[in-house]
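In the two complexes that follow, chain A is the common piece, with chain B as its partner first and chain C second.
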Partner chain A sequence: MRIDKTQRGWAIASLAMMMVFTGVYAVYAANVPDRPRGGSAIGLTFGVIGFGFMLFAALLGARKRVPTWRIGRAQAWMRGHLWLGLLSLPVILFHGGFHFGGTLTSVLMWLLIVTVLSGLFGAALQHYLPRVMTIDVKLETIYDEIGNVRVLLREEADRGVEALCGSLGLGKSAKEEMQRAGGFTAARAMSVSKGGASVAVATETVVLTDEASAPLRTFYLGEMRPFLEQPRRGSRLGNADKAHNAFAGLRTLMPEPAHGLVQDLEDICDEARQLVRQEQLHRWLHGWLLVHIPISMAVIVLGAVHAVVALRY
Partner chain B sequence: MARTRTTKKLAQRIDLNYFKRTTALKRAKFFLSVGVPALALVWIGWHGLAKDPRVYSSGRMSEAHAVLEAECAACHVQTAGAFSAAASETACLSCHDGPMHHASSKSSPACATCHQEHRGRVNMIAARNQSCSECHGDLRASGGAGRFEKHIYSLQEGHPEFAAVRAGVSDPGAIKMNHAIHLKMIRRGPNGPNVQLECGNCHRPAGVDADVTYGDAKYRAAAVSYKESDELLEEDTQTLRPPNASSGRELMTPVKFANACAGCHLLTFDERFDEGVPHDKPEVVHAFLVKKFSEYIAAHPGELQEAREPERDLTGKPLQPVARVYRRDEWVSARIRDAEELLWRKTCKQCHAMASAAGQNNLPVVAPARTTIKWMPHAKFDHDGHRGFSCVSCHEKALNSTQASDVLLPGIASCKGCHAPGPDHAESRCFECHTYHDWAKRKEVRPTFTLPALRTGGQ
Partner chain C sequence: MSTITQSMDFVEITLDGRAIRVPEGTSVFDAARMNGTPIPTLCHLQNETPVGVCRLCVVDTGGRVLTASCVRPVEAGMKVVTNSDKVLNARKTVLELLMADHPSPCARQEKSGDCELETLAKAAGVAQPRFAKRTLSRGKDDSSLAIAVDHDACILCDRCIRGCDEIKNNFVLGRMGKGYSAGIAFDLNAPMGDSTCISCGECMVSCPTGALTNKTVLGTSIAAGKDTQGFEAEELLQLPVFKGVSGTFLELNRGAIVKRRFRAGEIICREGEFGSTAFYVLEGKARVSLSAPIAHVKTEGGGKGLFKKLTSSLAARDTDVRDGEARDKTIPIDASVDLAYGNPVAELGPGDLFGEMTCMNFYPRSATVIAETDVVAFEMLRNVLDIMMKNKSFRAQIDQNYRRRALENHLRGVPMFADLSPDFIEHLKGSVELRRYAPGQVIAQQGDTARSFYLVRIGFVKVSETYPGGELVLAYLSRGDYFGEIGLLGGGVRTASCTALDHVEVVRIPGDDFREMVERFPSVRQGLEAVAAERQAANQQRMQTVQSVPIDQFLSQGLMEAQSLLILDLQNCTRCDACVNACADAHDGITRLVREGLRFDQFLVATSCRQCRDPLCMVGCPVGSIRRRNSLEVIIEDWCIGCGLCARNCPYGNINLHPFEVMVEDLERPGRKKAVVKQKATSCDLCTHLKEPSCVYACPHDAAHRVDPRTFFSEMLGGGTK
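Moving on to the complex of A and B:
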């Protein structure tokens, strides 16, 4: 969710609430005989409001799990989660008079701080990263399917290379692979290259001689296929410029008819690289939730325990 | 023909049931979302099973109650059938008495209004100024007595100048004392060397051994007929008394002649005697003189014949000396008259206010000293706590004071120089100098707890 003009209403409402809460707290703190306490009427009110905000923020998870709920739009829930969740921290600080108290309350306070800070971090990421994703990952796919798409890309590349270089000895025939859906590469006809390379002319495909296809075969099996199977940071194909240079070099070694395939392989490599980038961005985009959600759940649970214990004692 | 991405082909490579499959991220999110709160509950539950309720405490106990850190039930008494187990006033009063403030106070706040527990290892007595200013901020509205300042919020805001140093107020003491002379080089007695006195030579806290550099052992050992307490100005009984017994070092003890004056101010009365008269009432001094001169003349009867000084006739020719023979009682009376003339008119009068020939046997009456011990009856001050500072850094007026009526107490500005809010200053809250409870009305508390039962969970 982007922090843009659409958030103005919530931002103004939250600011107004913050000012009211701050004003009330300032008057209360200035007039209370001792320092502000969570157990006083005003302190308790702050506590109830703050915990209410936290509960509302936590209900976003439930709202997401049951998208058919017709209780407000998902976007409104998200904005409420963002702003009221943020507001819960100062309200709870007002509740405790800016003191963390005993063990349970200190743990609660630190967990709340971590929750709100991780939420702010996540909000910043969700504001910034989708733009980065749009620029860097033009061939974005569904994150959960990245592994599957990567396999399909490899198979597509296998087929293309086997079509030109003959069997790569990978166990499955190119034809079998062709029968599977998913490839973007159309079968192409190739003319006989100069230099007397024996090309097996089929109705649609041309196979290069071993000698002519050797550079491509070596490059594909030694570098590109491992990259497609398991992209590694150290590989030069993981870098757009280096990959471009690698394929440019390959083109100089290959006969003209193979240049179309080399271009296809470069496209496949580019897509695979983008998937790697998508994975990275996705991890940033959603990884903070591994902190935010469990800690916020712990805050709700311990907050409930604290409420019962505090009201009792 | 290059690779072409068509929607159909894109759709073909997506497993339509992909959302039903779980991923590592989803799994981690689920397990952490269940595991972390569960861990929190286990943590709380473990403390509950271990019967260690400290985890629920809203803060550590104060210094005084630190021993009860794990004994919640000592204050949080559970009533059968009730949900609440909040600490009540009864819990406080089972160990502490909290005498009321003034009889005229409109309300008596609950203990916890001023003394809040679970604030860490703090001094619970240290109440905030707001606790006091709730009434003293507008004393008229609070029904306070008319003689007090009406709007006091703190030492910095609204606190009046000390009553003792306001304009027109003088020291009611009757001892003539010129501090300026005594704080310069001064001769020690009629024949002594020049000495430089220090404040501590005369002024010492009650609990400290007196400095007798300028005292006299004989006078220190001698009994006196007057009560020293009679010489002190009566204290205001309407003030609030501090809770603890005095350490004896807070206030200065009255300056005693035997300790601080006798070394220089000799009470000699006749050249025949080296010793001085007792530092006592005129009646005692008179009896002493009678005894001394009677004994003397008994031992020296030859002095009854007194040769009158030769005189001259009108022409200036010297006449023969005339000898006069006294009876013993005449001689004693004559010597006493001479000695008392010296004492009443000079020696005693140098320090004391003397009402001449008003007492028994036509003896003068010495005005009571009326020494003020506690200059600030509504506040407590501890000289011992300020022992690191030179006397004149606060009592600087002493250096130039020539009149006994000068009040040498420092003004409130001297206090405010150090006692102010903030980390670089000494405590400045009301409780530092004032007490709320009138501990003169203290009642003894009947013990409730037993040891070691309290420390082991029982009471």
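Moving on to the complex of A and C:
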């Protein structure tokens, strides 16, 4: 979610609440003889409000489980999660008078801090990364399909190279789909043809001699195919500039009828590289939740325990 | 007609010494033919414009030179000699010259012995031509699956070209080259198989020699079975329904028609299955029915538990009324009868043809047909059915069956015609005309005078309007739809072009009958006028829109065609798939949305129904169950048989099939029921059961929006699209 002017309403409301809470706390802190305590009426009120904010923020997960329930738009829940979750930290600090207390409350406080910070980190990532992914990964596909698309890319490259160089003994896939990352957007025919007459000229397939096709075979089998099978950013083809240079060099070694295929192979590498980038960005976009969600659940559970223990004993 | 007869002038001429009287303007060729003196010809066919290029039909009219009778009109007092030595010698010389270049025997002569040139040459006693044979071959073209081309056997009579252009309006064939290299050409001299030729066969039927012949394609024979009987051409020709069919054709298509015997209870064909044959019932009775439940997918629930998903079920229109749902009483199927909505069962008997759409257009079977008694039927492939349909006697029988059994239902299926009186229906039965059109053929041309009203009986008709710079598809019409009323009720001029998308058959109601109908039945007039006004208003709105959007990408992605798009703002979207999950939850676990598609600017146009203005999904539905509401939203009617053709036709992959387990009659064991999985086509329903699309409602990042593209992108497109 982007933090932009559409968040203004929630931001102003949160700021107003923060100011009210701060004012109340300041007056309260100035007038208590000792130090502000969570067990006092005002401290307890801060605790209830803060825990309420935390509970609301945590309910976002449950809300997502029932997307068809008309209990407020998910977007409103998300904004509430962001701003009230953020507000819960100062409110809980007011609740404890900026003291972390005993073991349980100290743990609880630190967990809350980590939760809020991880949430802020996640919000920042989700603010920036969608834009980065939109720009960097033009041939984006569904994340779970990346593995399949990679196989299709390799098969497509195999077909093209074998059509030009003759059989290379590569395993044929039963699938003949030309589906590519980006679905039909990226579909392009693989053909090696020559001739330029305008009327009804059939496509002529060219097969190179062993000698003529040697540079391409060496490059494909030694470098490109391993990259397609297991793309690594560290390899030459994992870097856009280096890959461009590699293909430019290959083009100078190949006869003109092969240039169309070399361009296709370069495009395939570019697509494979984009998929690597998508995976990387996707992990950043959603990986922080592996920290945020368990800790926030722990905060809720321990917060409930703390409430019971504090009120009962 | 009577006016024409009264005003017709006759002239007297002398034909081989006999005085005859023929209408003024008649060609000498026709005058002779009408009076029992056939004149040989090669380039002339009665249904084509005479061109007089072969010069075989020359006659002596007393002029300086002999004249080609096919292009020479009679004149009062003209003396015509058709059989003098001078004339016969001239014809013989022409035949000798043609035979000198002809590869005798040509393919046609070799296979069926009816090459017109060789037959005439033999009759004229032309054995060994005195002239030298051609030394350079003009070549053969074997690229078409259906038709073989031997340019050497071509005599440049142009019959094929006129057949292609004048009769079929395909405009594929033309002339190329000069002198010895002159020949016929497909498109810009493309191989026939690569050209825009649709293999309608008109050129082959028109060709007098072996230049264009039907290929006996291996593997096209219908599979034989124990109760199957194949035929030799001679046997078929003895059957009344094949009277007049070319023996050559039947010989070349041996195996493309078989006689089958079905025992009582045996399934002849099943709904939803793909096939390529039509059946013509010779004996016995068959029951045609739909086994798919007559209901649509209804999703409801949601409040039954915290994590409980909504459930989908099948609901008939009587129990769940949807906006814009058809109130049709009949379900159109691919047979000479329609089925009743409440009881979709009918009977077929001798003389009935079914499976025509499947055979001609390769659409899925629209219904299940079971032999009620022992049934004997012809099963035939498309090439045979096509020729049969050109055969007058067979055609007349099919037409008669249709008029007798289905025309009334068909007419009354149009709600506004429900009030027509029985006597007027009877009158229409006699006056309407059934017309067939090949794919791409124009039925009504924008700007032409409106003379008829049409009801679609078979196939799909595209209605489009041309505007400066392009063409806009206004609608696709299928069986039960009609067109032509705007021109007849309005200024008398066609406001749009109507083109056959596939093999189309329409019921043509002449303008006079149409006018009588709207005068006698005011309710019909009111109904038609209301529909015409609605259609015109919608068309004008679309034209205004299309003329104001200049962005190429917007057009090339088909966004212009969309009425409603699900777009994801990629700068907001975190790829969390909440939209997809919400869609699945809202539709019983089956998502109607895939988060993939084309990008336009920063937006991803997700794979979800776009409610296209040019809804290709509707083309081909064998029972016409997918259509548009008045709001132009797509609706799938209750009688969807789940064949999946619409899902395949949708260019954006936006139609899904939703499986349901239902109890149906066990066709193998009559009287018993069994559970089977039946599918129903579904597309985005905008979650009308939940008031707002769930994908949009469930997006936590303000990324998913359902928008009218013209409005949403108007700023980006220059502000002129609202």
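Keep this in mind: the second predicted complex is superposed on the first by the 281 of 313 C-alpha atoms of A that agree within 3 Å, B and C clash if a C-alpha of one lies under 4 Å from a C-alpha of the other, contacts with A are read in each partner's own complex, and residues count from 1 in each chain.
Note that a contact is a pair of C-beta atoms (placed from the backbone, for glycine too) under 8 Å apart; a residue touches a chain by one contact, two chains touch by 3 or more.
On a predicted model such as this, the values are computed, not experimentally measured, just so you know.
Asks: Under the superposition described at the top, does placing chain B and chain C together on chain A give a clash or a fit?
Replies: They fit: once the shared chain is superposed, the two partners occupy separate space.
Asks: Is A:Pro294 contacted by the first partner chain B, the second partner chain C, both or neither?
Replies: In the superposition, A:Pro294 touches chain B alone.
Asks: Could you tell me the angle at the CA centre of chain A between the CA centres of chain B and chain C, given to the nearest 10 degrees?
Replies: In the superposed model, the angle at chain A is 150 degrees.
Asks: Answer with first, second, both or neither: which of chain B and chain C does A:Leu253 touch in the superposed model?
Replies: Neither: A:Leu253 stays clear of chain B and chain C.
Asks: Give one of first, second, both or neither to describe whether A:Val32 is in contact with chain B, with chain C, with both, or with none.
Replies: It touches chain B, and chain C stays clear.
Asks: Which partner chains sit in contact with A:Thr105 here, chain B, chain C, both or neither? Use first/second/both/neither.
Replies: First partner only.
Asks: Could you say whether A:Trp69 touches chain B, chain C, both of them, or neither, answering first, second, both or neither?
Replies: In the superposition, A:Trp69 touches chain C alone.
Asks: Using the touch definition from the top, say if A:Ile142 reaches chain B (first), chain C (second), both or neither.
Replies: A:Ile142: touches chain B and chain C.
Asks: Residues of chain A touched: more by chain B or chain C?
Replies: Touching more of chain A: B.
Asks: For A:Leu168, select first, second, both or neither according to whether it touches chain B, chain C, the two together, or no partner.
Replies: neither
Asks: For A:Val114, decide between first (touching chain B), second (touching chain C), both and neither.
Replies: After superposition on chain A, A:Val114 lies in contact with neither partner.
Asks: Now for A:His286: first (chain B), second (chain C), both, or neither, which partner does it touch?
Replies: both
Asks: Report the closest approach of chain B and chain C over their C-alpha atoms in the superposed model, as a whole number of Å.
Replies: Superposition on chain A places chain B and chain C at a least C-alpha distance of 6 Å.
Asks: For chain A, what residues appear in both contact lists, the one with chain B and the one with chain C?
Replies: 141-143, 182-185, 286
Asks: Touching residues of chain C toward chain A in the complex: what are they?
Replies: Interface residues on chain C, with respect to chain A: 187-191, 194-195, 302, 306-307, 309-310, 570-576, 578, 581-582, 585-586, 594-599, 602, 607, 687, 690-692, 694, 697-702.
Asks: Could you list, by residue number, the parts of chain A that touch chain B in their complex?
Replies: Listed in rising order, the residues are 31-35, 37-39, 99, 101-105, 139, 141-145, 148-149, 152, 181-186, 188, 260, 263-264, 267-268, 283, 286-287, 289-290, 293-295, 297-298, 300-302, 305-306, 309-313.
Asks: For the complex, which residues does chain A have touching chain C?
Replies: Where chain A meets chain C, its residues are 1-2, 6, 60, 62, 64-70, 73-75, 77-78, 126, 129-131, 133-134, 138, 141-143, 182-185, 199-200, 202, 282, 285-286.
Asks: Given the complex with chain A, which residues does chain B contribute to the contact?
Replies: 1-6, 9-10, 12-15, 18-19, 21, 23, 25, 28-29, 32-33, 35-37, 39-41, 44, 54-60, 72, 76, 83-87, 109, 113-114, 116, 118-119, 127-128, 130-131, 134
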